[in-house]
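After this come two complexes, each holding chain A, first together with chain B and then together with chain C.
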Partner chain A sequence: MTREEIIRSCLIFATGLFLLAFTLGPFIWMIWISLADRADFLVTGQVEYSLSNYRQVLTAHSLHFLDYLSNSLWISTITAIIVTLFSSMAAYAVSRMRFPGRSVVPLLILAMSMFPQISIVGYLFEMFSKAGLINSHMALILPYIAWTIPIALWINMSYFTQIPLDLDKAALVDGASRMKVLYKIIFPLALPGIFSSALLVFIACFNEFLFAIMLTIDYTAQTLPVGIALFQGLHGEIPWGNLMAASAIASVPLVILTLIFQRYIVAGLMGGAVKG
Partner chain B sequence: MNATKITIKSLAKSFVTFRGKVDVLKSIDLEIEPGEFFVLLGPSGCGKSTLLNLLAGLEKPSGGELYFDQELVADSVGKFSGPFERDISMVFQSYALYPHMTVEGNIAFPLTNLPQVPSPKVMQAKVKEAATLLQIDHLLDRKPAELSGGQRQRVAIGRAIVRNPKVCLMDEPLSNLDAKLRNEMRAHLKDLQKKLGVTTIYVTHDQLEAMTLGHRIAIMNNGVLQQVGTPVEIYRAPINQFVARFIGSPTMNMLTGDLNEENGSLYLQADTLKIKLPTETACKLKPKNLKKITLGVRPERLYVITEGEQNLALPVNVIENVGPEFLIYSFHKQGQIVVRTPDEPVGDSLCLALDAGHLHLFDDQGARINL
Partner chain C sequence: MASDNFLQQYEKSEVRTAWIFIAPLLLVVGIFVLVPVLGTFYTSLFLDVSYLPEQFVGLRNYTDLLSSPDFWQALRFTLAYTVAAVTLEAFFGVMFALLLNEVFPGRGLLRVVILIPWAIPTIVSARTWQLIYEYTYGIMNYLVVNSGLVSERINWLGTEFGAFSALVLADVWKTTPFVVLILLAGLQAIPEDIYQQAKVDGAGLFRRFYKITLPMLMPVLVISLIFRTIDSLRMFDLVYVLTGGGPGGSTRTLSYLGFEAFANDNFGMGSTVSVVTFVVAFAITLVYLKAGKFSEQLK
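What follows is the complex of A and B.
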């Protein structure tokens, strides 16, 4: 190895280490606290490790943790499915068909996502109150769909436009209907894009806080971020151990999902379609 | 055999873009006979693929009519049947193989779309048959990414022939292969078409491919048909300067100049070069009273002579030995003049004779003058 190469690998190693510490640090700390019986153990030095925090979170009815978890899973899953369905079909249309305004539509949709959430949440509250939707899953699913569709559309569009138009034509010539072209040829090839957008939408909804806290009232509709934030100790103190245990559990679905999906989010699926 | 006749009547196509209307095809009239290997030849961007897309049913015409046998398949008013109803297949300029399917899946795909999907066994047999014909039966379980260019190209052809279409359209299928493979595939294609007897329309911008493959050739430029005919007809009697230059390699020599009469002989004065026209040509040309003409003569029809009456003399600038023959280049103000001869030339100038039967004359509009 030359001097230059040594310096290079040192720098890469150092940067990697820093990034790892930066992202994993809080997570490790979270687990650590969740396992300890008291949050101030670093100051006092007296500590016992156990799983009691986890047990409490999962079993204590008053904490409603399982309610929050199921609300979150339902709302995020339904939103992700609907958004993926609509955004991928829209992306297909925008990337394949000639219709007036086809270059304007995606920009308009993107422009809508530029309004800060806080600026519309008040109106949403009023609207949903009138419709009697406050404190229901619907109250979150509807705004989440509107809020995540732009990003999903743009991700999908970037994947769809990479698929050569000749493939559609070839499939049409081979006798496939438009629908069949879509699900036999285009969707399988755009799968990495569809999966990454679905995953991103799911994560965004799973973590969303503002809409969730404004448009829900109690555990029948509140999601995990809100639920955890509102954890109360018996005497009004902040129950750090429970909080951290709940957060740790809450991250499990995301980790599992990412592990499953990342297998599909691979590049290079397009090889061999065209000459070269 | 289910060969189809195709009739194209004043077919036109224009695209409306935000920069304005683009007329890509202007009133094309053509008849393609059943079972014919018909070649569409033209420079890049002249509208060949567009015409093919119209025939395929991937685009709607903006004017004119299109008939398969007696049946109207598309007009500009509203009648339009899609690719599948027309029972055509197509090999794309870019192959367009489905990357997520195996070779077998690719070739079988058209069969899975038939109104009555054949049983898996029949399907497999058909795929195998097509693959064997193209010598790719050992590749059936590979993905397109694992194939070479020539193999991909054959898969694309296999997909096109597997369901015995009425018409087979090919859009420059050989353009991305290396020279050797291209020659091989060319012969292969010709043989295949003969065996299948399917009406085939083949698009190319390579004149050699057109000459060797086609029963008949149509030459296009800027969306207008220039000439339709057999390769021999077009080679012997190109209808205008564009066709004359496009067909044949090396390109036909062209010299433009004024006609002068001296001592009863007719001369063409092309800048510094003075060419004496053969007596026979001169006799027929005189009554037409033309002032300015273009003389075209193919490199192999410029005969090097050592004695006898010469028609023109040229300086020798470059000599290329291309195996069995020599190409002699002489630089002229109007471009280079090429002479093709079997014998190595001696000296630094050439005496050349012309043969009245192998001269092409064009008027100042570029159209052929028939003598």
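What follows is the complex of A and C.
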């Protein structure tokens, strides 16, 4: 080995080790505490491991953990489906049809995504209070659609433009409607892109916090992040074991989803980032 | 000529179908983004406190806000926090991206592992960090005390500097993966033969980094940092869980200040803070874009 190769190997080894410790450390700590019967074992030295924290979180009705989980899953799934539908229709029009304003629409939508959530949420609260929507699933689904649709539009557009226009023309000559072209031809061909945008939308909604805490009141509509942020013990002291078990259950599906569909997520993030 | 004109014109039915396709998107964004933004601006001109009738006050909320020390404290903290977090994210981002671009056993595993912090919901990671920073039995104090770095436990969330570092570190952990992903794509776009040529010319490892990698990575780095900056300027979740804006209001971000006003039923002032937050973020984005254009012209 030359001197340069030795330096290179050492650098790779050291950085790799650091990366592992840095990224996994907090995650391992979370799992560790969730399995322990007490959070202060570093000081007391006494500890026993079991799954009882998980059992408590999943069975104690007063914690409402399953309510938060199902609210989050419903809200994120419905949002992802509607966003996919609306954004693919718009992306189709913008990338494959001729009409005045086709170049303005995507930029306008992008500009809309520049507004911080805080500058939307106060007035949303007033709107939804008047409409009686506060503390309903709708109160989160509607703003989530508007909040995530710009990125979905841009990702889908970048995939749609790669498909040859001749395919549409041939189908249109054969008498197919635009809607049919979109769902029979474009949708299947751009499926990886549509899938990655849907996945990113789902994850964004599953993680969102500011809208969720402002527009909901109790476990009938509160999502997991709100439940976990407000998680209180019955006796004042934070029940770290339960809390970390809840955290682990909340993150494990996302981590697995991310690991399995890594390629789609990276493609989506890149598409959105480079275009944006 | 006539046929040319015909080609220039839009087909009426196509134009109608296109707008029908775009309508749902425009409608949703219009009602749930544009209307609330305009509504927020409108509300910011009113004295709008729950227990009093609304009253038009013009720009008084703005003058009140700009003369309140809380606002300047929040602005200072938001900017300092953004600069610290984004700088560290750029540093670790470049470091990890360079690593993951090399060929070595275990690279596939590391490329997957790096995504884990990104996938964990911010609130969940905030709660985990809260436990890590726990004064008596948190692992952070265990590590810094037992490794001999400091002699006494640090009050991470209860002192100004501790809380600042705690927030920055939690943010860096969560968002560095995003920077790494973008930089990795940038690295993969650099043609391999440039390096070969440089090697032939006798340029060493570090020289190749400074002369080739870094300059060619710059555009992608700037893009990722713009994204991170815009995001950090509106940060809310971490502060809510880790410090609640404390100690003594020293870690309130602009978004948190706005949230506090809304939570206290002061919608006029909350809206004013929100408008100012947007203006600050917008101004900084413009500066970034201007700087980007400027450096392009230099080339």
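Remarks
Going forward, the second predicted complex is superposed on the first by the 225 of 276 C-alpha atoms of A that agree within 3 Å, B and C clash if a C-alpha of one lies under 4 Å from a C-alpha of the other, contacts with A are read in each partner's own complex, and residues count from 1 in each chain.
Going forward, a contact is a pair of C-beta atoms (placed from the backbone, for glycine too) under 8 Å apart; a residue touches a chain by one contact, two chains touch by 3 or more.
Since this is a predicted model, take the numbers as computed values, not measurements.
Contacts of A:121 after superposition: chain C is touched, whereas chain B is not reached. In the superposed model, A:174 lies in contact with chain B only, and not with chain C.
One of chain B and chain C touches more residues of chain A, and that partner is C. Of the two partner chains, neither chain B nor chain C is touched by A:51.
Touch criterion met: A:185 reaches chain B, while chain C stays clear of it.
When both complexes are overlaid on chain A, the residue A:99 reaches chain C alone and has no touch with chain B. Of the two partner chains, neither chain B nor chain C is touched by A:107. In the superposed pair of complexes, A:60 makes contact with neither chain B nor chain C. Contacts of A:149 after superposition: chain C is touched, whereas chain B is not reached. Residue overlap on chain A between its contacts with chain B in one complex and with chain C in the other: 269-270, 273-274, 276. Contacts from chain A toward chain C in the complex involve residues 4, 7-8, 12, 15-16, 19-20, 22-24, 26-27, 29-30, 33, 39-44, 85-87, 89-90, 92-94, 97-100, 102, 105, 109, 112, 114-127, 142-143, 145-147, 149-150, 153, 178, 203, 206-207, 209-210, 213-214, 224-226, 228-229, 231, 240, 243-244, 247, 250-251, 254-255, 257-259, 262, 265-266, 269-270, 273-274, 276.
The touching residues of chain A, counted against chain B in their complex, run 164, 166-167, 169-176, 180, 184-185, 188-189, 269-276.
Residues of chain B touching chain A in their complex: 53, 56, 58, 82-84, 88-90, 92-100, 109-110, 113-114, 143-147, 149, 152, 159, 176. On the side of chain C, the complex with chain A involves touching residues 10-11, 14-15, 17-19, 21-22, 24-26, 28-29, 31-37, 39-40, 43, 92, 95-96, 98-99, 102, 104, 106, 110-129, 131-132, 134, 136-137, 139, 142, 173, 177-178, 181-182, 185, 204-205, 223-224, 227, 230, 233-234, 236-237, 240-241, 254-255, 258-259, 262, 267, 270-271, 273-275, 277-278, 281-282, 285.
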